[in-house]
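First up is the structure itself, then whatever we jot down about it.
Labels A, B, C, D and E are assigned to the chains in the order they are written; within every chain, residues are numbered from 1.
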């Protein structure tokens, strides 16, 4: 038994004869921030779906959270899916408190929290808007807020900031880092932005093209807190070029 | 009368009392590649929707294509919406030929073209898949292919590569540039990736936060074809910092 | 004679489907009585039990088969119809109880007091029931009348849901037999408990058709007269003929046999006459209908009928 | 205000047009009053006999209302159960189709035999007619609820009940209300058929049947008018409730900040 | 293969169970044969009279099929027109509700008077019953078709017809088929009512009506069985067509590369 919060053990997934995810193992220590990068269609979202209990992997593997198997179980992660999956019949405020609404009674505190963060991050005027009246980036922020206020110790974030402009993205990133640091949560983070992956995480997992598997597990020891000037740090640049190289060498993989 | 292909003249949009787009004018010369960057919710997609004829702007403005007004008309642009709007009941191949299917009889040539580009850009094994069995990045690529094979002289692309990894994104970018160069099309391109906007375009329009308006119209004279090393070109770096500055100064805007 | 020279007459029945009371018409068709009279008679069934008058007045049919109560209300409503001959000569409407249950003309009051009486809601029952109640010394509130136009009286009766059902003997009895219940049915004729002895069904036409087609109607009544006599004389053959004509009617031969046999006695009066109508029957009926508020005024009995087309002799 | 006026006026106009055509046919083809009445005579027949009709109308409305509610609830419950349990769906679906393929009259008689001549069998018959379109629409609706939204509920371990109230029920609002509107429209017809199969005392159906047997065509058509008005009213009521309960279908912004906690959140 | 077997077996089992319960009730409660027959007697009544019944059954099926097709087409056309033209919708909807709120019997009689006793009024009545659930579902479905997909069609200036065939029709497949399945189920019942009102002599409905007057309960219930089988068969047919026409609902990958151009693309 290890002390890893999440222990993915030889998980594979085949859809109708096509192997999408080759047997993949990974361990995530409690409190760490791990990014996953990899080419489109390599099985990143599939991996998240399996961890979250939405998909059942091919037999043989196992997923353990805090040591106990959660294969096919759910309720143990906060998961922001790749689609900004807002509930069309709920306003922004109600979408942010949706997780509470799905699991227990929504309290006044929940509401207050939702209103607070929505106001803090630029959606204060849109609390009563339905999702269809939001821009793409606004939808993504609402989905992100919903995931954060679920207060789960393990967060799976699938390209959470893909539709955000640089400035808003920075705000969200620093908010996420704050929450992560202050509440000791564990984060698994899919992104296509290599800078982002280095900027945020302790470890970066690089996946191969379909059938996906982890081809590199790169520790990132850049000191925290990291400011924007970290982008010019030699260690950063080296790490980035390693990752880029791994990603670009895919034809030969 | 000007020789601009697209002439947006004092377009504004108000939703239920809230002005989303301040009166905005812009001209796009035939054959040029113009990027638009701006904070989330500033009205970029709204502007595209108005140009494409999906939304009617507040009275007073006008949109002209090749000199004639197209206000509230449609059929004059190829438009890739921000959502990867695939048709759930069509396979990948049939989604790519969807525009033909919507306007005329689908020819064998259409089919062949669809199969060719899908195969060339990594979707050859998925020609008969329905969209629900695709990854986020694959969906986005299908939507992009559909827009390109519509063969419209004026293309509106709303964050077409947001869900793609670096390598795939590069492939798509160079494909787009090839098509643009070879067929003399005109491209209006929304992106949150400032690097991308500089890498691709002749001009970059920077928009202010809601209510959006164009705060800067920056020509980009970097020589083409641009290789990846352009990222370190001083002109590039200067342009990038100008844009970043404009975007970050939004609080004071 | 060949078909081309025959005069076409459409005959509208009183019920949406065929049953044994149609036997005389079938016999007249199949045994050639109509043809010999120069007629080609086509049978038409109405969409529901109250449309025969409308079939006649709209010209969709020329001769019809209807209850005398329907005649009463039709004339009252201004429909130009006229009865040209009784089908039955007396009133075989009766009250029925489940076999083995007490129902007797002598103590009808006790037998009906507080009981549930089934009615299809037909005008005839509505007209007759007040006579019976008055005879029994009962008020309407002292019995429970169940009206079920789409119900089935026999099932309700046998299942014990109602105590008394109302119908005519020729329809109710074969039903009982078909149900194979033990014991003989218990019935009390309406005429034994105060109901007037007037005919239930008549042949009718419109006034304008009667004026312009006197010969045709005479021929029709003459043929029907012969056919009725033949059918009464050869009940088994006649019923078989009916069954052959309407094999898909859903009725069994046994039902039709019994039904027709039970009909025969009601077709003639005490003078062994068919068809002949009287002022008395119509004024009694009209008075009864006025009594229950179905018609607004009692017209002269001659408004309703004519005997002019009856076969002579 | 103007919109409400229009949504009331236009249907009235269309009913007016029907009345006009009716009037023209009667006059133009010299239709005799005992065949079909003029529209105004039919209306008058209702007004003049209103004292007599009113309790009958009330009776029919009562059967319609109760029957509709039981049918709607049964329809939703059956639909939910069938969409959740494949085996139950396969077992029960043929029976449901059976229940509707059988002519109502054929069913009504045994039902009256079992339940007696009270109001109960009528409510049962109305419910019997109402539940089916609701069930079919709920089953088909639930099997096509957005899988991603269901996944959202699953991720957070939402109970079946909360998944149902928060995701599935609002997710099928359109087909559910389609089914309810169809059911609402049928409810009156069902009540009328049920009344024909047996009533002690009077009923609207029997009033009409009686008028028909007595060639009182104004009363016959007048009664039909009354039944129709009940039906349209009931349909409009359901359509109105749909408008009220699904604001996100028509609005971009919720009407106002809610102060009290809505019941759905409990 | 195994799946097909299951999808046939389970409904049969459920029908078997109903038969068993029916048998138990008859025997257990000593129900007399004139009230209700044993199931096997009902089946025998069908088998023994099959020669007589078969042409009647064929007649009913014919009315059902024609009526269903006309009704379905009318339902879709009306639904489309009403969803496109607000004014038409407001004008016509009350009339549609009216058409269904009026008891069919009340309508059937005048119809038969007008159209005569041919097969026509029966087809009209079946169509009359079938179109309504289709229309309601199509109208509600079309007002909720994915706006983004419609925008896609608009961007490229697709004609109304292509927008309809390519986007709207597949987009409403679920509610459309719900409506069709409801209609299919009602079609037999409608044909039976129509036969009762407008047959010259021989029809399945009359066969039953008279068997009922005869108290031949095995024949009555047997006929009901036959009607039900027609109804279930028709329902299954529509459900099967739905399966065939909407492969994307169940599959991740289209069955195979198409060689011939499908008709929908023309």
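Definition applied: a residue touches a chain if its C-beta (ideal position, glycine included) is under 8 Å from a C-beta of that chain, and two chains touch if they have at least 3 such contacts.
Computed from a prediction, not measured in an experiment: that's the story for all the values here.
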| item | value |
| --- | --- |
| Where chain D and chain E overlap in contact partners, by chain label | A, B, C |
| Those chains which touch chain B and also touch chain A | D, E |
| Remotest chain, chain B as reference, centres from CA atoms | C |
| Chain pair with the higher count of C-beta pairs in contact (B-E, A-E) | B-E |
| Distance from chain C to chain A - Cα centre to Cα centre, in angstrom | 86 |
| Intercentroid distance (Cα basis), chain D paired with chain B, Å | 50 |
| Chain C and chain E: spacing of chain centres that average the CA atoms, whole Å | 39 |
| For chain B, residues contacting two or more additional chains | 15, 83, 132-133 |
| Overlap residues in chain C, where contacts from two or more other chains coincide | 48, 54, 58, 152, 155, 159 |
| Touching two or more other chains - residues of chain D | 113, 193, 205, 252-253 |
| Those chain pairs that satisfy the touch definition | A-B, A-D, A-E, B-D, B-E, C-D, C-E, D-E |
| Chain A to chain B touching residues, read off their complex | 15, 18, 37-41, 44-46, 82-83, 122, 125, 133-138, 141, 159, 162-169, 192, 194, 244, 247-248, 250 |
| Residue ranges of chain D touching chain C (in the complex, touch as defined) | 32-35, 105, 108-109, 112-113, 116-117, 193, 196-200, 202, 205-206, 209-210, 212-217 |
| Partner chain D, residues of chain B touching it in the complex | 15-16, 132 |
| Residues of chain E that touch chain D when the two form their complex | 6-7, 10-11, 13-15, 17-18, 35-36, 87, 90-95, 97-98, 100-106, 110, 132-133, 136-137, 140-141, 144, 174-175, 177-179, 181-182, 185-186, 188-189, 192-193, 205, 208, 220, 224, 227-228, 230-232, 235, 249 |
| Chain D - residues contacting chain A, complex | 148-149, 151-159, 162-163, 166-167, 170, 173, 246, 248, 251-257, 261, 265-266 |
